[in-house]
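Listed below are the structures to be examined.
Consider the two complexes below, in which chain A is the common component and chain B and chain C are the respective partners.
So, the complex of A and B:
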């Protein structure tokens, strides 16, 4: 009839649910309540292409890393600092001439084709090595990639390749492309560069230029119940004030890469429902650096460079220019790269008297009006902080009798002036430390780099001893020996001051409270967001 | 009319060459701009890119090439967007035309209406209040007005969206979409239109103040015409002519104003595209934008000339005689 039997089993289940609901609300939240939903994110620009295998830049990764995956991603708290993605293990040969990757099985591309070692070999030899901005450096000595079976790739190098460098570079330089879509085409002009096909937790759905990008959940993602979200929408908001307004009006839920300017953070962190997150940028540390043109005979003198270093109050810069969202630098490797960071280096503390004395000794006494000499300063226009620091540096150097003329340029003009024409004495730069000094840090002081290479040593600095260290480290296979070489590198750079490291900073994110798993890996903002969800 | 059209060809040619020259003189090229977004690369990469962009050719041969394709109505390929320029412009132009069109209509209609109110009794309290208010508006930078409108009406009151041309990825179609776009355009149109409103208001007012002193107004008064009819049919209509001239001139200025407003409100329009083209040193794209803008300004001025004939019969006749 209409009655129902209350069995012991259903009764138990009922009680268990009640008890579970009381005791484990967080666990329940982490599972079911997180599924689904659309995350709307602010994007301040639209990259020219969305192919992270060709353009390994944060702007491209911000969107494309959800679609196209690397072999491994950076991770907090794992021994190697990595979490496996398309590779499950990696091992370097004793002689450093080969590295063997075991690849994940059962992975399919968004178009249904299986992912195999051929895709990795094709990407490495045809894309990373010849076309990618960073891969051209990291994989310069890559000769062949053997694929003994469908899920093993053996990279063979002509010179010893440090496994440490491979590990550190993997999250950035190893985005794998589908061979079946790229083979036999003009890779740089392939339509998939604008509508990428990958193996990641999200598929590319559409791009409405000037308005938004939309990514949708990949139902057949290899990562179990991931991704949590149904959709990620990137809303294009070019104005500096727009992201903050859109967050407050609840039109977007996340603004990353400091799109909410530092001056607004204090106010916005007090808005109910919004919070400021500083985690998730540890592996993309930006460095505030005074780059020096050593062709200027005055700046070629070490004492003058030391005097400039002593004239800068790093504490003031961190507190005033960065409003505390930065740390002062001790040298060319940032503190949050503990594998390499060497604190035992020459410090140039803020000391006006010492700076004055050094300049006097160097043969530049104060002349008329207290001036010693004049310098052209070109602050990079990339961040408001680089420009503000330029203003600070002008005043700081005026205090020790150095007259500074600020030359402001827009981005292309700045690049040409500094890196091609060398029409500067000092410039404020913002290079990025990408997990390993060999990727984009040693290039800042190494000699013999041709004109026109951006974010490299274009100041004419040449130090044979330093070059030798950099050269040796690039082929040292043993991680400990290699780290030791980079310790020497840091010591020498802080002694010789080919450039002056002032501060290092990560960006900030502002998010709605209901967005969970934000900033849970050192490259979170440019990682795949498979576990990010919306609590309801 | 045909003479006017033929006469505009050299104007366009000068515009194209001028733009090209200015972009050529600006330091840094499209590759420099692109390399910054890459965050670095080696020397070979820059050379490879310059070759694929055609930037290894001399400026003169690039200009010739550009003019050649322009003669075939081909606007070329955008370096910054890696897409055909014609498609880019076709995509963005409607948004700007909507924005500018409604802003111009708002400025012209509300401005001249308020101008009539002010000019009906020059020197009255209403006139003074309107004059001071319009001066204040005219002195306001449009980006500031935009930001303030966003703070009040989008963030605090939440009556309107903060930015964009329509709700992102909403899937709206038909009338729902039309209303959505209109709703999004309210704030940008207000911040662009209010500033030009002041201009029309002041022109109307001062024009009317002048007409009031003319003899025919006295005659009309003597004939016992009602005040309302006098204001609208006799004084305001005669003061309208300079406003129409201004309308043509303002079309060009407003195109400049839309650069700012489109950036503040994230409207994917023509002005923002121009801004992005300069930042990326995308000479073909910027030239394309300026050519299309020049064509538009020429077209608007032709329309204004035609409108003259309707408003003032003397104009049309004068041209026939000469």
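So, the complex of A and C:
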């Protein structure tokens, strides 16, 4: 026994020496001290499906974007705002009726099969267009996808398709699925939705419900020596307070999506070894919006809506509710969408006297107890900030004589009350700006949306002129003309106030010092983390 | 009555409870005089620490609302809910208990099975379910709490009634030709009440706590200040501004302790009277 173990130990030592001799020079040659290690990340929810091609939402991308890749990813500093992933180039035809994608060669799926244009064509026609929440809008007019060779895909549309929209939407709507696993199956019930197979830098390893997700390095990733990490583990920590403690205890190295509450950031940024990162959310801007029910005859009057806008102190909201981690809004397009942002719009500055005067003129003088009229306010329960802003709005409107009764609901009851039953006067919403007005903000003011569609115009607002602009922009191929239309759109929304934009905010990450390349693209949290590493 | 008050004064717990309750009641009653207007109004700079500004003795919360104003107005909500829920539970429980005990037979069986049915569901869960279905407002919260609390008095009253209805004075009332309902509610119920009153303190205390727990979970009336909602909002800031949770928490402790001590005192005083009689 002794002899055996001794000989085994000797053998091991010998092997280690040989292995070290082989590996060390290679590491030195790659000039890469970051290779290896496990990144442990806090996950606040466990998405039911991990298929980003069907559910294009941040909760799914957070985990699945490391496994399943899109055609292109958002990037800082590149001219188109994109970095190529599975596509290497994209070009729209003059008439807007086709877009040609050149695809990356030499890419294989995690199960070893080659990635080809057939996978893209299958994903587009069978998944993105019919099944995906956003793809339904973007690819509504997609007719066919031609594949002249294995690495070219030509998307053909029945109506002109703005290349600008395709570019802006690509990181979100174009996650490619393997045709060989999905063809001929019930796509929404495919087992690969829970154990995804992709082309990304990490493979899906396991999911222990209630405990963790584990992803491991894809040894045959196309990106050269990427990824740097050996493993990414998502520890399920539904309690937000737990994430901060877990970071301090060094149980996790990263808590994204503002898992550490804003009120804790100041304290935790002073903890040695931890830092707060606000970069990496630029393309995931949330907008704090007061949505208005125009069926209420009082709110149907423009002067009343203007008065409400004047009663809100946006600076107070940014400083107090968001503790400075936000910016005040001027209109329906956020400032960090510079391609579309139009600063030349009607501003409604904080002005109580003006608000009072507008309400008096509109025919609502102060009555008994200084009250003019009463409104129901339903703050969205999604963020503590939306609830807190609800508390603030109640006080802000009380100052101009509007009595506000807050109605708190849980998420399903809130969605039903606002978007199906329309049982509200005002509601505080938090829509996401997804890089292009056509797939985000316009749906909040467009008319003709059926009842029950969540996060859409359910306030009964209808403006034919505004609808016409939105309609025209959706088919304008020339980027400049299209941008001009959206400038008009912003001007009109701030004049007519179908809703009131108050603030816009991104999330924050809290991360240990030794994690590098954090927040280096505008969708970093939901990108593939191929270059993220651990310094030693 | 005077003798009863004297006996109560002689018990130290009873006195301590009484003083606490009088202080709390004074706080609740004075709230609109000391801090008129909406206690949820934004009054000053957010997150002022306690004792740093004489205008805000206990500081301000995240939106700049005065913590003392919230505390005093919150006392109103807590006491109001506690007392009205207890009253409601006592009245409903006494009526059901008296009818069950006095009528007997099938009526008793049916009523007591209903009581059993309510008793197997924990009171808090019942309140939680009721509020989330009907929507939160102060009267709804009161009903929701009473819904889980009336079974205790009902059982106690029934037991008392069962023993009292065999007494001579009840038989005398019967021979005098009094209506059974009159016998039940004018002759028997008043004699069955004293032990139930001792139960009242327990009900008030638990009602105050349930109300706070509902508000903590965001199921209270969002348009009034309650201690539970103050604690819920302060919870996020527990590491940086613990006073936001501690102040209303102490209020809750004082209320529950006061009600409990007072109840003890009352029960003791009653027991002494019984012992002597």
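As a convention for this text, the second predicted complex is superposed on the first by the 505 of 536 C-alpha atoms of A that agree within 3 Å, B and C clash if a C-alpha of one lies under 4 Å from a C-alpha of the other, contacts with A are read in each partner's own complex, and residues count from 1 in each chain.
Criterion: a residue touches a chain if its C-beta (ideal position, glycine included) is under 8 Å from a C-beta of that chain, and two chains touch if they have at least 3 such contacts.
Values in this document were obtained by computation on a predicted structure and should not be read as measured data.
Participant: Let me test your reading of the model: by the given contact rule, A:395 touches which partner, first (chain B), second (chain C), both or neither?
Facilitator: Second partner only.
Participant: Quick one: classify A:266 as touching chain B (first), chain C (second), both or neither.
Facilitator: second
Participant: Thinking of the overlay built on chain A, is A:384 touched by chain B (first), by chain C (second), by both, or by neither?
Facilitator: second
Participant: Quick check on the superposed pair: does A:320 touch chain B, chain C, both, or neither? Answer first, second, both or neither.
Facilitator: second
Participant: Who wins on chain A residues touched, chain B or chain C?
Facilitator: B
Participant: In the overlay, answer first, second, both or neither for which of chain B and chain C A:454 touches.
Facilitator: First partner only, chain B.
Participant: Would you check which partner chain A:410 touches, where first means chain B only, second means chain C only, and both and neither mean what they say?
Facilitator: So A:410 meets both chain B and chain C here.
Participant: Does any part of chain A touch chain B in one structure and chain C in the other, and if so which residues?
Facilitator: 241, 410
Participant: How about chain A: which of its residues touch chain B in the complex?
Facilitator: 38, 40, 45, 47-49, 55-59, 133-134, 136-137, 188, 193-194, 206, 208-212, 214, 231, 233, 235-239, 241-242, 245-246, 248-249, 251, 382, 409-417, 420, 432, 440, 443, 449-456
Participant: Under the stated contact criterion, what part of chain B meets chain A in this complex?
Facilitator: That would be residues 26-30, 32-46, 52, 80-82, 88, 91-92, 147, 150-151, 154-155, 158, 161-166, 168-169, 263-266, 268-269, 272-273, 279-281 of chain B.
Participant: Tell me, which parts of chain C touch chain A in their complex?
Facilitator: 38, 40-42, 46, 62-64, 132, 135-136, 218-219, 222-223, 236-240
Participant: For chain A, which residues count as touching chain C in their complex?
Facilitator: 241, 244, 261, 263-264, 266-267, 320-321, 381, 384, 388, 391-392, 394-395, 398, 405-408, 410
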